[in-house]
Amino acid sequence: MQAERAQSDTVEFDVRTDEMLINMGPQHPSTHGVLRVVLRTDGEVVSEVTPHIGYLHRSAEKIAEKLTVRQYLPYTDRLDYLAAMNMNLGWALTVEKLLGQRVSEKTRHLRVIVAELNRIASHLVAAGCFGLDLGSFTPFMWTFREREKIVDLFEEICGARLTYSYLLPGGVTAGPPDGWFGRCEAFLDQFDPVIDELHALLTSNAIFIKRTADIGVLPPEMAIDYGCTGPVLRASGVDWDLRRDGEPICTEMYDGYTWQVIAPTGGRYPDDHPYPPVPPEAVVGDSWHRFYVRMLEVVQSMYLVRQGIEKYSAADGELDKPIKIKEKLPKGEAYLETEAPKGQMGFMIVGDGSAVPWRVRIRSSSFCNISALPEICRGVLIADMSAILASLDIVLGEIDR
Amino acid sequence: MDTINWHSCFFLLLAAIACGFAVAVVVVGDIVRMACCLVVSLAAVAGLFFLAGAEFLGAAQLMVYVGGTMVLLIFGVMLTARGPLVSMKIGGGQWVLALVIGVALFAVLLQAATSTSAWNGPKANDQAAVPAAAKQDDGAAAEQDAAGQLGLGLLGVREDRLHRQDKPVLLGGMSGYLLAFEIISVHLVVVLVGAAYLARARRRIRNPESRAPNPESP
Amino acid sequence: MNARNIYDLLLQPFRPWLTGHDFEAIDPWIEVGGEGLPEIARFLRDQDELAFDVLHCVTAVDYFEPDEKKAAKVQWQPHLELIYHLSSTKRRHRLVLKVKLPRWKGDRPGELPEVPSVSGVWSTADWHEREVFDLMGVRFPGHPDPRRILCPEDWEGHPLRKDYQMPAEYHGIPAK
Amino acid sequence: MAELLISISTPDWLAHTIAALVQCGLLLAIALCSAAVGIWLERKVSARIQDRLGPTRVGGRFGWLQPPADGLKLICKEDIIPTAADHILFRIAPYICFCATFCVFLALPFANGWVAVELNAGAFFLLAVAGLEIFGVILGGYASGSKWSLYGAMREAAQVVSYEIPLGLCVVVVVILTGTMNLVEIGNQQAGWFFNWHIFHDPFTFVVFWVYVTCAVASSNRAPFDLPEAESELVAGFLTEYSGFRWVFFFMGEYASMFVVSGLGALLFLGGWNGPIPIASLLGLTPDDGDVFGWIGNLLGMCNFIAKAFAGMTFMIWLRWTLPRLRIDQVITTCLKYCVPIVSAMLAGVMLWSFFLPGGLIAALTRPASFPRSAWERTDSKPDSFPRSAWERTDSTLRVDGMRDNGRVQEEAWRRSLPAVRSHAERGNEGDFQEESR
């Protein structure tokens, strides 16, 4: 019965085990929402991963065909509910691109301040949940304590703590209360040392490095091929950030701001950053780098907010009033992607002359990031699944729309 | 009301548990429950040793048998408890055969037990046992050091002669049972490694570029 | 490179499949015939001076006016449009490809129109095409895994079509 | 206790029963209190680490009534048994887990002589019973029928069974030092100033202490090694299907084993009930049996022991709330690639050390190495009031002298140097072994 040796060249000795199908989700502590991942496991080793989405599908695009552009704004908050300001910004800029309008200096700077503050909050949630998924509870408490302070600032400016509906196409609902900028700067000053604590607790922690370095490696070509964007793409070494390389309407917002895109191009980070060095085990594109890129982006966002506050007080003129409720949309299509914390958030509006858009398409960043999951999770252990999922930092509201 | 002899009470209780669960091992269908009954009956035997004051032996029994059986339970039973093994159905014929062999063995044991003189005369033994039991709990500290004795026995010292001046204590050149003990354990390790090696099925990869190796063993 | 000279580059090899263009629109686009889509896509990605390595998203727009009064005023005939947004990380330029499809294959209601899949060229298309199939009802022959992605597997109808009627109930759950 | 009852004319058998029940109740109370205080300690320390207050309202400002409140809430929870579960085993598992940990309290001495059952092979008994706790967890994991709990059970089996080896070796190291397995004896040999503790006995035992800490944390499923109930991966590991009172037993089992493991560590390495400064012996409260002063000395000793045990628990809690969790293969690698080799090397080191430099680091430095006198000389300096079985001394003298020269002359000289006749003879048991002609 022994097949001749020549035909089969490699003989692998292995204890015969049969495989098991496990449902990780839709109700699971580390799937960041209602994502169901079916794992084909052989013992602890995962041989195949098939994500199932759609549990949170509210057909946001169908609803958009019945509401005018301003009425639809609250729906964009509910897409990526951890970064609602950036969602509003994306929608507002797409409408302004369709209408061909531009906003005043003051509004532009206020938009930068608010968007970057929300990016800090979103990255804090990502870092906290990453620590939680790896088993250490404390970073989660520290990051949420800081995020509460940002959310208090947002509550003062627009009254809501999670779904703000603040940045309307054409302008903002209301100007910031007096003393708001002072409180912003106070928050930023006391936030600096907290970042060093987080780095000490997680980034340079030996167990954290062992759990994340060289796990879920996403090579740059595969990242581009699967359309991954944001920190996931930059952590794979692709130097691409819409705030600098995007369409003119996006890059104009950041005119006059000095900041840096964080990406380990050529295997190295820009060397001005004062934070813990890259451990030797880490490979460009692994879970550790995705976490590290987000932590450095928080620092860049802090620089942007400080510059925004100075430019806002220096800028003259008034805050713009938003467009009318029943603003007529011109015939034609406009598609615009903006740099949201989780990746590039694309909105497409097809206008047909009436106030209600004919068709709205929402391109979600996490939707493409999660599509690369089966590729990078082949042959990892079950414990690594939650590490990789946490490093992709997905939000199901945005994926399922 | 004469004093209740706790020692015999517990002895009977533990003996009943040991035998009861031993029977349960045979009767129970589900294989995991069977293994659990086995573990409980061995633990009851360990209890008997503790009752007899030999706590070193009791602890050894607990560690070796109950721990060992548990590992058997985990890897042998749970991971393969699928398919026919899970609930074994025993036909009528096998029952009869088992009963016959069981009764025969029991008869032999009974005959051997009754014929030894030391265990005769339950009345006499009871009296002797009571004082020992009464002193059992408070005299624990002054009791002989079982572990020390065993250790010395292994090293070849005749500890029973220590208080005698005339007989030699050391066995002169003999190193006791330690060497034999070690040889057996080395053999056991070799046997285990061999078994593990044989248990591995050969999985042949037809052509290297096909990603999933097709598990097919001769 | 703006849309015009990309169009000129495409003219020479793919003249029969280029069926229209509009360079003055907010997002200038080029219209392509459905059959030639995979070859054009591979050409756009592999040509060094084009290097369109990122497919942002695949969108389907349903041009159909359900009530008659408005249908009279509309200029276009009922049809489906597939819009591919491409961009290049090396050359930093953008392009929009459009494909016009009949609403039903051979105008037989119930038969879904077909466009060859580009998931071989960009892996992003894999999930996006599944979503277009799921919500708009466009079949993509050559797709590795043509299942629904957002709606449950056994959902009837394609919700984003203009003439879509919500089913009365689904597995006993009343939908109205 | 029994005599007291007999004196007030209760029938003899009733007196013995009540005495036994009281002792069991006392022991159970200690086990449950240690678990309850452990839970309270965990809530408070983790709160401090995470910049919050912890329980402050239940029972006064420090929320010390929180553990009973938790217990009450959990008792009122609905009793759910999953349909796919093997209900008999599902019910038994938590009780086995808690009983195994409870048995360890039997042999754990809190002060000199204050121990439920003074077993002569106490250390060996602890190791044997500590292995039983896995049995409860595995039964629970397998019987709850869900895939996640099966994973939890398998991880528990792999981890704790493999960590028993280095744990056992650490205990063997201390047994070599003290020459006995009787825990009370081990505790007493570390009396006096803190440098008499085993941890400072020689550099090897210092390293062994830290290896013991790792293995202890791993064998009680705590902190970086808490894979069996890893919330983020396995939903809740083997505890997934448990709720209400059964969950409390697993929970109590974990905290009791935390106390036990840190208590054992304190006893073996940190001098058990002997404080850093021997206040009791300085004030003349040498605990000889029966008088009040001895009792107070023992009480001080017990406070010492419990303080050290809770210090160990705080260390484990501190570890849990700062470090992320290790992966299963990393856990097993640390055990087989780091713990076992290190502790084996240290074992060899300790043996060589006590062979060449008997009497510990300080004694060796202060006194030139008197070569032939064996390690037992140090035990001689101990006050002789405890029941001493001659074996230690003869055993150790034998080891040094008898080993090297087996000749008859050497034996006779050694026989004469044997001071006390063995207590075995005093009990007048005529020879168990028959005379054996040469």
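Letters are used for the chains, namely A, B, C and D, taken in the order the chains are written, and counting of residues starts over at 1 for each.
As a convention for this text, a residue touches a chain if its C-beta (ideal position, glycine included) is under 8 Å from a C-beta of that chain, and two chains touch if they have at least 3 such contacts.
Since the structure is predicted, the reported quantities are computational estimates derived from the model, not experimental observations.
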Count of contact steps on the shortest path from chain A to chain C:
1
Quick check for the class: compute each chain's Cα centroid; which one is farthest from the centroid of chain C?
B
When the centre of a chain is set as the mean of its C-alpha atoms, what distance in Å lies between chain C and chain D?
70
Return the distance between the CA-based centres of chain A and chain D, expressed in whole Å.
50
Report the inter-centroid distance (CA atoms only) between chain A and chain B in whole Å.
61
So in the complex, the part of chain B that touches chain D is made up of which residues?
1, 3-4, 6, 30, 32-33, 36, 39, 43, 55-56, 58-60, 62-63, 66-67, 70-71, 73-75, 78-79, 140-149, 151-152, 155, 157-160, 162-163, 165, 167-170, 172-173
Mind listing the chain A positions that touch chain C in their complex?
53-54, 57, 59, 61-62, 97-98, 100, 222, 224-227, 238, 240, 245, 247, 332-335, 337, 344, 346, 348, 350, 358-359, 361, 363, 367-368, 371-372, 400-401
Within the complex, chain D is touched by chain A residues 20, 22, 28-30, 44, 131-138, 141-142, 145, 201-202, 205, 207-208, 210-211, 381-386
For the complex, give me every residue of chain D touching chain A.
46, 49-52, 147-148, 151, 224, 226-227, 230-235, 321-330
Residues of chain C touching chain A in their complex?
25-27, 53-57, 59, 61-62, 83, 85, 89, 92, 94, 96, 122-124, 126-127, 135, 148-152, 159-160
